[in-house]
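Handing you a structure now.
Chain nomenclature is as follows: A, B and C, assigned in order of appearance, with residue numbering initiated at 1 for each chain independently.
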Amino acid sequence: MSTVTDAKRKAPAGERVADWADGRLGIYSLAKANMRKIFPDHWSFMLGEIALYSFIIIILTGVYLTLFFHPSMNEVVYHGSYVPMQGIRMTEAYASTLEISFDVRGGLLIRQIHHWAALIFLAAMFVHMMRVFFTGAFRKPREINWLFGFLLFVLGMFTGFTGYSLPDDLLSGTGVRFTQGAILATPVVGTYISFFLFGGEFPGHDMVARFYSIHILLLPGIMLGLVVAHLILVFYHKHTQFAGPGRTNKNVVGMPLLPVYMAKAGGFFFLVFGVIAAIAGLFTINPVWALGPYRPDQVSTGAQPDWYMGFAEGLIRVMPGWEINLWGHTLALGVFIPLTLFGLVLVALAVYPFIESWVTGDKREHHILDRPRNAPTRTALGVAWITGYVIMLLGGGNDIFATHFHLSINSITWFVRISYFVGPVLAFVITRRICLGLQRRDKDKVLHGRESGIIKRLPHGEFVEVHEPLSQQQLHTLTAHEQYAPAEIGPSVDENGVERKVTRGQKLRAKLSKGYYGEGNQIPKPTADEYKEITSGHGHH
Amino acid sequence: MKKLSARRRHPLAAVVVLLLALAATGGLYAAFAPAGKAQADETAQSLAIEEGKRLYATGCSSCHGTGGQGGSDGPSLVGVGSAAVDFQVGTGRMPAQQPGAQVPKKPRIYSQAEIDQLAAYVASLGAGPITPTEKQYSPEGADIAKGGDLFRTNCAQCHNFTGEGGALTNGKYAPSLEGVSPKHLYQAMQTGPQNMPSFPDTTLPEQQKKDIIAYVKTVNGEETETPGGFALGGLGPVSEGLFGWIFGLGSLIAVAVWVAAHTAKAKKS
Amino acid sequence: MSSQEIPEKNLPSEQDTAHGAVAVAEDPFADPGLPPHKPRVQDIDERAAKRSERTVALLFTLSMLSTIGFIASFVAFPVEKIVYVWPLGHVSALNLSLGVTLGLALFCIGAGAVHWARTLMSDVEVADDRHPIEADPVVKAKVMSDFAAGAEESAIGRRKLIRTTMFGALAMVPLSGVVLLRDLGPLPEEKLRHTLWGKGKQLINMNTNEPLRPEDVAVGSLTFAKPEGLEEDNHEFNNEIAKAALMIVRLQPQDIKDKRELDWSHQGIVAFSKICTHVGCPISLYEQQTHHVLCPCHQSTFDLSDGARVIFGPAGHALPQLRIGVNDEGFLEALGDFEEPVGPSFWERG
């Protein structure tokens, strides 16, 4: 009896707090499932973490900025400390951004951290998505998480856009003007949407205040919810892993959350924050003071959006100026087509997991990642998409590339116009060939061993290269991938001789499936029999 | 060497070779790329000639005609004034080297005294804008902020916010204003060289030109303050995006590789 | 389109059966199971472990020092102090020192934690079992029957009137929210069709704020103008200049190819809208020798000697021209408003 009370009295303070919390929140059950949760180690699994941490950094610095920023379009005459703007008329939004940059100690640093982190956030999400795409991590059960991630990327783009528009400087104002022009090009409702969004004619007096509430409340609120959901699903599904000895579809191999990942992931947050803070201390971003306040009759050359809107800018720049005037209405195809393409390019990304699962007809869970080479058609499609995206990024910067590489802006535009159609096709073909080549090499390695680089002279004078056989771990890793057989439509008549109805969907699927997995579109992996035959035959090399 | 050949088949060998190849290509390009330096040595002997007309006859008449009346290769110089000559020859644009979308700036080949002689000769062909005096173009005491506003209305559309330059149609360009002297800035506005429109005193008075010069010197000079750190060329989101990807995300991925890598195992002893 | 259309045999067999159990002789590619753990230097050599410990502690100490440096910089450097640092240029001393010290303080914490995890915490790999996400049929059956019971008890299936009216009410109630958005802005009406220009309005030089005379405008020059009466401190200045901004150039009358352009000019002086017809950037990259004007945003190119028609880029129609003349006092004036809407195309433009 006395020993029990003793133990109770001696329970450390931390434990007592935990007991208290457990009685109300049930934290012990939660911790039991998660505290020693296993995470696999691979650098590419940390790309999402870069995105997550830069998102947190953006929120932290963003809150600080709201303390000083005035989201108002009231006009003031500047009399602050930046000499080249003294006496200039500007909105309070621009004036308060100058104040943050020049009068608030550390304000400039926080502004630059916020902006650099935003660029890196979007870049990290992009690379993270590519990692998930090329390794097939989007397959069941993770399709919904792919969509969450996709939404985060798109919302991130618009949060970034509304954010860099807030200072109301000449560069961002030009971007807002473009947005307004693009909205006007929307058939039927465009003019009305523009008048409602801007509170009347452009630029009006409401834009900054409205963008502000969208930028700091609406979009980040949704994003925060999506981030939490995304992370919950990552925990719930458990992380994917690459094939390897001991790694199966029914386990996850790695190190426990406590302590290793607590230290690694927690430490990585500080590393990311540290790198971004140092970049913000050393490198200027968006020097709004050099750009001047927005006026709709002023402009500068080199007017680009931040990089993540660059491919939309490219689409808009290289589009020919088509316009249809009919029955008293104008359809500005020169703006509307790029706008539609912008949506379609993104949607293609969103729906891909569903298309692939329809083609394969595979409804099983997949927790082992594909090496990109082992899914040649998917990899080639991904590279083709990226090629188109990058070509449009180039198009979006055509004036900068023209001056810095001494080219004609018109030639660059034509190059982009043509290569937007040719480039992805070439990229597709080339990538698939490279993937198949790598598959062949893997097969060779499995069957004949690794080329050691050692040349041996045989007694009869022949020179051969010694091949080292692979270890069983390596053999397993190189043959662990799954290979689908192409789907067949089947005979056109069933066993009773009655004609079967083959829908167009089925035909399309069979065609696609053949494109993915048909002969020549993947290299059959070596079988155990092939291996045994070669190794027992022994010595023909 | 033995070590090298043993590692020839290392899985990372291809990466190393690729990096070496890239470095070599870059080096070769740097070595053989056109240096863009003037090679107008043949005009060097004309340096001795003192008189503008004789200078003109040797250096300019082949394109602009013996009397400055112009020809198929160069426009008439009647009425362009001394300011245009001082700008064109003083910035090294004239004499031009080769036909192209635009005649580029290069190291000048005439001394200021010779340029003055040439200018006097061309000015005698017909009245035109006169080379400004230092009092006219000196940015001393000018209104920088007003200059900035004027710059954004009249100049930034081609020359960029801070005068970094920008692209025009079919390979033409508005050059960077970095390091351009106040006199040449003034003359460019005054005369409208090549495809640049002119901004005569009737629409952009002398004082406003000074304001603009003062602004350019403040935001794009040797002493220009870039409080936020290295300016990345002042080109805006394109260079920022490239930097964010390559150095920002690049260094973070490098860090991630370190975080995720397996710690070296103890060697079997 | 159900999964049954793909025969089971087409799906590749799963690899997870091996689990290290299958004899190598039977399947050379069988999973040999997790390789045995190999120790790190730190696991077997206490001196190496001590070295790691010292490194981690050093990093954490560095972080503390950096934070002190951050606070010291914040106090020491005035916000306006500029220093020259090669190769960065003339930078703010405060921004540089705060950024570097904060970066270091954070980075050292991270580096310390990661080094600790990598060298001193256990690096034994362990396997955790996965369980299928899908519930097993028993659970599913229970949920379905619970749901059926709940639905039955609510009688939503039987009492159709309730169901229909409820859906109706739920569908309609958001309409209030949509209606509330109405006052976000006025209706477009004819606002995009008119600018401040009108008959007799003088052309005011943007730079000097004075009315322009024809003789002020030289051939090859570029001038921007606004309508008389529009001042920068007007509340609606930005909204009005966004439509009324004007670009004035003078051509030799014989260079003007378009007849209407010539008719609407004055002694070769032509006035075009400065607002691009693509998406509204202030277009003004005028090349005086080619008479081309380029938009810096999307590179639409217009030929000012030929009615400002589009010769390159994404703009859909020519820049609107303002008809100009000279008033009794010898100043340039507009002879009316633009005959077509300026700026980007919109649905009602026609």
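In the analysis below, a residue touches a chain if its C-beta (ideal position, glycine included) is under 8 Å from a C-beta of that chain, and two chains touch if they have at least 3 such contacts.
Per UniProt, the chains are C = Cytochrome bc1 complex Rieske iron-sulfur subunit.
Please read all numbers here as calculations on a predicted model, not as lab measurements.
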By the contact definition above, name the pair with the higher C-beta contact count: A-C or A-B. A-C
Chain separated most widely from subunit C, comparing mean CA positions: B
Averaged-CA centre spacing for the pair subunit C and subunit B, given as whole angstrom: 30
So how far apart, in whole Å, are subunit A and subunit C when each is placed at the average of its C-alpha atoms? 15
How far is the middle of subunit A from the middle of subunit B, if each middle is the mean of its Cα atoms, in Å? 38
Among the residues of subunit C, which are close enough to touch at least two other chains? 88, 92, 95-96, 99, 114, 118, 123, 206, 224, 282-285, 296, 299, 312
Residues within subunit A bordering two or more other chains: 102, 108, 112, 264, 267-268, 271-272, 275-276, 279-282, 295, 297-303, 398-399, 409-410
Can you list every residue of subunit B that touches 2 or more other chains, as numbers and ranges? 153, 157-158, 166, 168-169, 174, 226-231, 259, 261-262
Over in the complex, which subunit A residues touch subunit B? Could you list them? 41-43, 45-47, 49-50, 83-88, 101-102, 108, 112, 116, 119-120, 123-124, 127, 170-171, 264, 267-268, 271-272, 275-276, 279-287, 290-292, 295, 297-307, 310, 397-400, 402-403, 406-411, 450-453
List of subunit C residues in touch with subunit B within their complex: 38-45, 82, 87-92, 95-96, 99, 114, 118-119, 123, 205-208, 212-213, 215-218, 220-224, 249, 282-290, 292, 294, 296, 299, 301, 312
Given the complex, residues on subunit B that touch subunit A span 5-6, 8-9, 101, 143-146, 148-149, 152-153, 156-162, 164-171, 173-174, 215, 218-219, 226-232, 234-245, 247-249, 251-253, 255-257, 259-262
Residues of subunit C defined as touching subunit A within the complex: 1, 3, 5-7, 9-16, 18-20, 24, 26-35, 74, 79-80, 88, 92, 94-100, 102-114, 116-118, 121-130, 132-133, 181, 184-188, 191-192, 206, 224, 226, 232-233, 238-239, 241-243, 245, 274-275, 278-285, 296-300, 310, 312-317, 343-350
Subunit C touches which residues of subunit B in the complex? 150, 153-154, 157-158, 166, 168-169, 172, 174, 192, 194-200, 202-205, 208, 223-231, 258-259, 261-266
